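Chain nomenclature is as follows: A, B, C and D, assigned in order of appearance, with residue numbering initiated at 1 for each chain independently.
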Amino acid sequence: MKKYKNFIFIIILIIFVVYLRAGEERMENIEELEIAVGIGYSVKEDVGGGIKYMLPINSVVYQENGVNVSTVRTGTASTIALTRGERQRKSDRKFFLGTERLYIIDEGIGRFGVTNTIDTLFRNPMVNDDGFCVICKGKSEEYLKYKIPGYDTPVDYITGMIRNAPSYNFFQKNYRIKDVYLMVGSEGRSLALPYIELNEKGVQITGMAIFNKDKLAAILDIEDSKTMNILRSDRGKGMLTIQGNERDFISYYAKCKRKVKCNKEGDKYKFIIDLKFNGDVVNNVMYKKLSSKVEVKEKFEKDMEKKIEARCYEFIDKMKSQHKADCLELGRIAVAKYGRETGVDWDDVISNSDIKVNVKVKVEKVGRGEY
Amino acid sequence: MNKKKYFIIIAVVIIYTIISLGTEKISLEDLGIITGIGYDMKKVSPTEKKYIFPFSVYDFETSGKRSSHISVGEGRNVGETIETRQKQMNKTILQGLERTFVIGEVFAENGLKPILDERARNYQTSDMAFGAICKGKSEEILGMNIEGYGSSSEFIAGLIERQQGYNFFSQNYKVIDMLVRIDAEGRNLVMPYIDVQEGKIEIVGLAIFKKDKMIATTDLYTAKILNLLREDNVKGVLSYQKKPKEYTDIYVTSKRKVKCEKKQDKYTFTIDLKLTGNIASNTLYKDILTNLKDKEEYEKLMSKKVQDNCNEFLNKMKNEYKTDCLELGREAAAKYGRRKGIDWNEIVCNSEIKVNVKVIVNEQGRGDFIK
Amino acid sequence: MNKAENNLLTNSEVVFIIFGSMVGVGILALPASAAATAHEDGWITAIIGSVYPLYLIGICAYFAKKFPNDNILVISQKCFGRILGTILNFILLTFFVFLCASIATNYTNIIRTFIQGFLPSYILIALIFFVCAYTSTKGLKTIGKVSVVIFFTTVIIYFSPIGALKSASLLNVRPVIKSNIKDIFQGSLKTMFSYSGIETIFFIYPCAKDKKKFIKSSLMGLFIAVIVYTWVIFISIYYLGADIAEKNYWPFLLVTESVTVSIVNNFRYIFMFLWTLTVFKIVSNNYFISKVIMQDLFKKVNFKVLCYGMVPIFIYGSLRLDGFVESGLIEEKLTNYYVIFILTFITILALITLIKEGWKR
Amino acid sequence: MNDRKGLITANELTCLLIGILIDINITMTPNSVVAISKQDGWISMALGAVYPLYVALIAIYVSRKFPNDNILVLSKRYFGSFIGNVLNFLFFISFFSYFPPAYFNATLILRTYIIPFMSPFKVYLVITLIGAYTAYKGLKVLARIGIISFFLLIVIMLVSLAILFYGSILNVMPIFGVGAKDIIYGSKNTIYDYALFEWIFLLYPFINDKNKIKDSAFKAIAFCCFVYTWVVFIAIYYLGIDMIKKTIWGFFSATESIRVDVITSFRYVFVFIWVLIALKSISYSYYICIDILRNINKNLNKKLNSIFVFIIMGSIVIFITKVYYPNRLVKDEIVNFTTKASTIYNLFFITLIAVIIIIKKDDKCEKI
């Protein structure tokens, strides 16, 4: 018996491995897969009055002859999970989830509410949490179908745009889907995502979309979104200009540091936002001898502080009156100080709280020379 | 010893020359490889029918790009049609590599008997080709050229094969399944029903057969329920929706067991469906992540909903289709003896069919965003 | 029989020779005939059909005890006297020739339909018999070794459709033994014929190394054959359903093709190659036995010349049987007659030896 | 197991103790703690370390009195073989109750993140194969595996430092915002994460240098307390308490924040490491359960030496997990009950033994 011992052991092992592999789906090779690259979310009015979810998914097929074919297939159904079945009945390849890099949520579903979308992504362990998330104008299908020369899929172009957005307009790095979970899910925070538009010149970021809990509250143009980003997040970078008359102006590229203090009198909250700008003048036609005279530099810094403060207050008033959403995430500061889960609706508390802004501008370098 | 070696070498050479004497090799270019076979029929007059059998053949250009063309044979009976089709071919035909066969609606309604015999007898054809019933004429569908594919039959084969993961489709739509199901006692054939919508070939439902004649086609919703009741170990998404924004979906794998009782030639069938799966998205239950009662309530509601859908389908089957498209006859035949000349379609449609559905939620992915 | 010590058959060789001489070409068409008669209980007929070989093994055990060193030809001459004995032996020879011929024709038909339609059949048949003649010149020991090797290589093809168990359901095989017994009995008659080829045990028991174990190993051989036959019929009916299995000429081929497609895309060619080995083995078995009988009839002719001399007879025999349709009918009738002849011949022999022995004592 | 003589060093004892304390459900502790003591979960987690400290103190006291007899021998000596065996068997049950949940947790994480297509039964088989085989190899091998998993833990802690860049301190504030009552109540629940430290009572006879027991026990507790506190802190730091209650495995969701250009998704690296740690604690459980059964009486000792015992134990555990732990919610309900019962019993058992030793200190204790 001893002689056969390891022979029998090998047989048992083989049977065990075969049992493990039996009944499993066959492993597909890559040519037979449709690799998901970008997912769009939009909503369609249904004939019976209800609404239908429309999910265009841009996927790439790597064919043997090296040509990568990018296809967009759309599934329309009454719930997001059912759209998978609807889409599969049009596709002849196995759908592969896990490598998508972009989630385009359009205005329609934004206004309708994004909880369902986020829940489907949050729950699925195979989803790529590092994919970018953007809000788009019109239907998300157009963005996925838009052909850009030199790119297999428009998704690469848009993700590239979002990835190097932080260098201008004080955009942040946290527009990935995992940050969206945190922004929508946590108390006192609010969701703000880049807003892209497709026009004849191509796809561009034309502002920010801010949300009140899970519904789209407002779309800000590029100026407003710049001030909101300054007030909302820390360590943003961007360009600020003072326009004298039409010919002379000065533009100042700066990094902004934000500190917020909050205290509460009775049930009214008072916030003090300190903004420190530190950057250098990029071109200056307005202030003569800025680099040599200290007073001219200080004068410019004063003017710039006044200008930024004015813009901030104007935005805060607009926020309180029109948008009625805590898009500066001040609720988060209050919560950190006065305790969590108190059942307070931070959007309207912030809307009628008192917010003060102190701005400090410092110029470091003035470039090589002056004309 | 070397005398024998020489003898063997000489013998081999002689035998090889004898064998290869009568054969001539054909180069790939002038070899017509069939990729897809179509069957159509035109009713010239109520009595006189005309068969139209197109098939798509690969042309291998020297450039290596694969393309295919359609050649059509027409005739009053199967033999003649095949013969006319043969005449038009300038190349020698290679059967056996075809991937799909598409049957026109009119031909299917008239009965598959003529082509069944040809498929079974012709030993060169491949039994693993996927079949489908197409709306209108199969000539158009086979003739369509789809970007990125040699011939449309490649696309259709992939389309039918890849439905496995969704809408409870199985893989039993091949030639061998057709052969096995049509003449067997108590069994009926069901084939995918494809159509061209917006220039793309899609699966739009199922075609139900009685013996070898197609009696009805269903839309996708009914097809899902029919598949669920008919197939075993199939996957799909089920959804329980109260409001457009509040629904809970579950991606299930089904297990089907049928029991059959006979009380003095009155049959009762009970179909037990055990649907186990994971929650795909949930915005209905706030606390399903941790609360067992919520989960059990959802399981009960889901089971009841699926049961109602099944019963609704059963009524439709009994009154509208009047055929046993769930292969219940086969269970009865297996239990109470075969070859008794019973028409199972009629028996099943008058018998009492009970459906017990049990939905079991196994896991919920990574978390639940609504909690 | 040059019974030099080293070329006696070991037990395992006996097992596989017996298995090899029975399981051959019939296996592809067997499910069709079983399903045609006994419908979904076809696989039971294979078990009942094994009565015929068991009976023959029983008698052979009796002979092996009585005349350990001389085979059936000598016994028949002893019992029936020289002239009648040689006539009966000659009829036995025609049986084996018929077996070889029918196997060869069936094989060529299948090969020519499935793989290469371009070869004329007489070339194929000539090739088969040359190879078998060559193997049988080497003697029984090499045939034994060959059948051991071939058994292990070809057992894969018999059990390759094991994957089919997963897909179809037991419904095709149920209800078990509900169809009336007459069908099953008729079916087992048919499967009985597919066990023909068992007669070789009467020729090889003198050459077995240890006589005591001979019966046990021949039973073992039969047992494996019964399992293979039952499995083949069962899996064909299980996968295709009885109604379809009877319509197809070679249902087992249909099953192996559609089940193993996922592993190898055209399993047909592999199946044919491995199956050709089994045919060569079974034909060389029977060829060797017919050579032994021939040698017994024409004592004086040299051993090797005889082997090659018989090739034209076999080629003529199989060509006569050629032509697919009528060969089916002739085969049917001939096998019936031969089986009846063998049964009576063997039983009479056993009776005579019994009486003689009782008379002597 | 012929490792009676195979003594283990002090470091190996520490790693064994760390190994038994830290299991894969450490990734779930943030969710259970935060439910009660909100953003101060990490404080109540640290306070939870009181329980293993108490156990360690008693173990040190008992080991100084009887360095070569483990608790099972003592209980038989003081309570007679019948009652002693009953107590030992209950001690076995309290350890065994942690076995099926360990199986279930490891399989659930594996099937959710890496192999969703594999059926649970097959994963149980593989886990049993690995766990039983390592446990069959004896205590020395387990100790070495303990050291390896200790370094794995160090790797995980270092890597999770990177989360500090992604989260924000605001999620953890206000510190002590919840109030002492909730924190204490929370730490009462965290005791069940520090359970199974009672294994020290079975291990101290094997250590080669008896007076090293004290500091290796304290080193183990300190390390585990640090690891637990850090895991809960970093989860709250990144996710914030609202998000933690939405996830099932808080620590995994936190580690997914790490972006490294080299490895596309950190998730698979993490889950793989955690599965190794889970397999380690499963093989520990195998060893402990068989060890206690073997100590119950003499003739069992010889019989329980072959691999078949492990296979039988494995099949029992698979059966229980399959039948009584079909999904996570059912498991949570059962685990709530069994962990409370087993911790209370363990506390009662070791205090009983300690008290008996103190009382009977003066008169001579009879030898069995």
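The rule we apply is simple: contacts are C-beta pairs under 8 Å (C-beta built on N, C-alpha and C of every residue); 3 or more make two chains touch, one makes a residue touch a chain.
Computed from a prediction, not measured in an experiment: that's the story for all the values here.
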Quiz item: Most contacts: which chain pair?
Solution: A-B
Quiz prompt | Chain centroid nearest the full-protein CA centroid | solution = B
Exercise. Report the inter-chain centroid distance for subunit B and subunit D in whole angstrom, where each centroid is the mean of the CA atoms.
Key: 53
Quiz item: Using mean CA coordinates as chain centres, what's the subunit C-subunit D distance in Å?
Solution: 66
Practice problem: Report the inter-chain centroid distance for subunit A and subunit D in whole angstrom, where each centroid is the mean of the CA atoms. | Solution: 41
Practice problem: Compute the distance, rounded to whole Å, between the mean C-alpha positions of subunit A and subunit C. | Solution: 77
Quiz item: What positions in subunit D touch 2 or more of the other chains?
Solution: 112, 246
Quiz prompt | Two or more partner chains touched - positions in subunit C | solution = none
Quiz item: Out of subunit B, which residues touch more than one other chain, so two or more?
Solution: 364-370
Self-check item: Partner subunit B, residues of subunit D touching it in the complex
Solution: 108, 111-112, 245-249, 252-253, 326-330, 332-333
Practice problem: Enumerate the contact residues on subunit A facing subunit B in the complex. | Solution: 25, 32, 50-51, 61, 63, 67, 69, 78-82, 84-86, 88-95, 112-113, 115-116, 118-120, 122-125, 181, 184-185
Exercise. Within their complex, state which residues of subunit D touch subunit A.
Key: 38-39, 112-113, 116-118, 122, 125-126, 129, 170-171, 173-174, 177, 239-243, 246, 256-257, 259, 265
Practice problem: Provide the residue numbers of subunit B that touch subunit C in the complex, in ascending order. | Solution: 15, 18-19, 22-23, 120, 123, 127-128, 174, 176, 179-180, 183-185, 187, 232, 330-331, 333-339
Exercise. Using the touch definition up top, name the residues of subunit A that touch subunit D in the complex.
Key: 16, 19-20, 24-25, 122, 125-126, 128-130, 178, 181-182, 185-187, 332-333, 335-341
